[in-house]
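Okay, so chain A shows up in both of these, paired with chain B first and chain C after.
And now, the complex of A and B:
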């Protein structure tokens, strides 16, 4: 979880983020930084994220992102 | 017609039950729209009288559009405020605007009240009784030269400028739009731009003019490409008018390999230079069936003054022309001596005709600076708008956009358009976006860009091959993401400050 939060803080240094922050609603991510975020996650967890999985359900909050990555890796992250 | 409300009323008469506007939560028919707007208008007129600005402090929504028309029914002038704008900046705007009231909702009421004591909650006022007699009186006394809205843009000094747009401006402009692109009642338009941005004027009034349907796409759609395609398909959107960055979302993610907007027929864009790679991607996937057009213009000419329909089955030029003037709108180019530019010679673009705003609200100084007597027609008064855009005409007779007058620099004796460097850099490797700034003191050009793979050295090597030496940037900076302003455009001032 810390990795995910750190990536988000790096992308948007001024945003306040915790596990349950609504990433879209609160403006932590926008259409441009979303691209960055996905690519940073791919590198950090050595996974491929398909465009089909870049949907609101998987990216609503850092918790959602964690669950999604865990499923992708087949282990807890 | 003399009033934009007549477009809505005509549509409500012809197709009362047809859906006019749709957002995430609700949709409204033409009849309901006119009814609600009349209720709001009757209330506002009773409270405020007429002829004053009223600010709208709402999310992009069906409600916000109803509020716009309601303010117009009351004989007042609307201004849409960006709810995410820092309060300090809103206060600056309110200092020159002096709004009679603000219309907001429960969600934003607290902020709205801190900005203006007289704040009305839309849900409460849209239940008021319609006062037809007063509405008729207001309409009877109005002319098409009366202001419809005031739209604030950031001035170069950081002081916001409020462009006044009249009924006549929008009536004339929207007529050009529907005639040129064959927009009629079958159109379903997918709106991307915010209501405080001039491109939304085309979406909203193009819709009313044609009796069409406008889908206000939620902002988050543009972060999730598949969701975007799903939404466009769910509503059967067949016309879009977006900024090029929004087109880039599909191109950069490879969306169309997975899902395509099936109903799309017309794809228009404006607001920034369209990267050749982005347009190429869209045209490869839709070339035969979809009309693509590059629209160009400032807020001060309602939205657009020139346009270029991209030819099908032809190679796309690296720098897309901005084409020719719109119908009922005139353009000309003056060179640095103030004379009409010869074919091929570059100069500043001027606009005349009924799309041109009468000037800035409460700002005679700035108005006099940018809205000037036509120097080519000294025998009678004609006010034109000086755009500050540098253009020239190509051998085909089409206008080419070279850059902003204030982005034009002179270095070591060479006059350089920073936009020219950007156009070339855009085509290198997997460069997604780029922007140039100039540090006059150090005489150095900085190029900022984003890309997955292309490194600074590679980019410089390619630029050396593709452009004149005097154009080469002195420093190249690869960034994870380029900063953007509230309209979604690249924020160059922010980049300058970052150096």
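And now, the complex of A and C:
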């Protein structure tokens, strides 16, 4: 989880982010930073995320992102 | 072309359609809209309907085929036991390729309509200039609304391809979505899920819809005929005789053009959205007070919003999530610091967005430069972000809450937009550069000089009307920026106040609008794109 939060803080240094922050609704991520975020996740966890995966269920909060990445990796992250 | 603010449009096309739509049973409402839209399009396009018909047929046929392939894939995968993962993957891969092929051929075909009808002169001229050849362009008729229904056709297919919507079996349903009379000429560029479903649902309109929609129509006409149709006189004088002017006069010409374009385009959007509301339809918004923007990104999230959304969803995301792009992303991973490793692929994807944005606006190099102008500035801002961050920490500026800093950002964005407008309006790039130079180097305050001629074909009355119109526009914009629902408040007034307000609004537009001798109504600028 800390890796995910660190990536978010790097992309948006001014945002206050914790595990339950609503990433889109609270303006932490917009369309452009979403692509940067996905790209950083792919690099950090060595996974492949497609456009079909970028849906609110997977990216609403850092917790959702963690669960989604865990599903892709097949192990806890 | 039949403009949306003309009596012929209101009486001949919208009026009849609106009455029939309101009175007809729910089941046939969509068909009434289709008939009205086709009649309107046929006459406004002067019979040149082939491009639209081809786009409808491709969208319908390819949409059905993509849907069929997707459904077949799902059925075949379900028939294979879950344990046989390899076999299931093979089926998915095979049908994935089929779907991709159909989708690609269909999109290329639709884009080809645009390239042939809109850009053939540009391509031929470019080839002739490079190779000194004398090839003659095809000079195919540029159908009305071509740039808009092409975008909608592509979005319809992409949404089926990505499983967001289901393909429609009846081609007339697609025809209505692509040719709807209120969106076909200048947008807004709507997705099928936003517009097509509403059009085909045949939703009934209420008294509130008609009342609120009508007020928005009046507001849109006000922006267009009181401000835009007047500002155009000064704009044309300065831009058509740019060598005679410099300094503040050129700056005023650019500022007036910005005002003209905004009032013309957003005014037409208010008219079409208002007319849509009168029929109980919610069209997507295209403007959200763009001159309050604090950055270029913010500006483009408020200006021509539906084009920005289209570019984001189908170009930016399409490129960013493609397999080839993933490889670039993986390569930058170990070569740059984490911030830049993720930023560089984003900047590459953004190049496609801004190139498409510029090229979509017109067949000419100045439009490409117009798009790339914003790209370069945005890219620089993103690349230098860590430096700005450090600088603001050193200067102890809170970038989130500091009001002077917010004002600085707003003014900076406005200045950038003005230069963009100069590129956009000038005859060509050379003229834009000359005007920019003369604006900085020449001293010219003739825009303030007394005398009728010095007022650029505008009487004192015209100046006054623009000034009052602008003040009203600014006031309403500030209120709306603060979240005040101006129309809702007027609608909530008691009848004995509301009715005079409506009548007064109507008379203001009739009395203060720029009509008759000496005035030239501004063409719907975006209808030519």
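Everything below uses one rule, namely that the second predicted complex is superposed on the first by the 77 of 77 C-alpha atoms of A that agree within 3 Å, B and C clash if a C-alpha of one lies under 4 Å from a C-alpha of the other, contacts with A are read in each partner's own complex, and residues count from 1 in each chain.
Heads up, the rule we're going with is that a residue touches a chain if its C-beta (ideal position, glycine included) is under 8 Å from a C-beta of that chain, and two chains touch if they have at least 3 such contacts.
It should be emphasised that the depicted structure is a prediction, and the values quoted were computed from it without experimental measurement.
When the two structures are aligned on the shared chain, A:54 is found in touch with chain B and with chain C.
Contact with chain C, but none with chain B, is seen for A:42 once the two complexes are overlaid on the shared chain. By the touch criterion stated above, A:24 is placed in contact with chain B alone, chain C being left untouched. Contacts of A:32 after superposition on the shared chain: both chain B and chain C are touched.
Judged by the touch definition given at the top, the superposed model places A:13 against chain C, while chain B stays out of reach. Shared interface residues of chain A (contacting chain B in one complex, chain C in the other): 11, 30-32, 35-36, 39, 51-52, 54. The residues of chain A lying in touch with chain B in their complex are 11, 24-25, 27, 29-36, 39, 51-52, 54-56, 59.
Contact residues on chain A toward chain C in their complex (touch as defined above): 7, 10-11, 13-14, 30-32, 35-40, 42-43, 48-52, 54. In the complex of the two chains, the chain B residues touching chain A come out as 84, 219-220, 222-227, 245-246, 249, 252-255, 258, 452, 480-482, 484.
Considering their complex, residues 162-163, 297, 312, 316-318, 320-321, 326, 329-330, 333, 338-339, 341-343, 345-346, 349-350, 389, 399-400 of chain C touch chain A.
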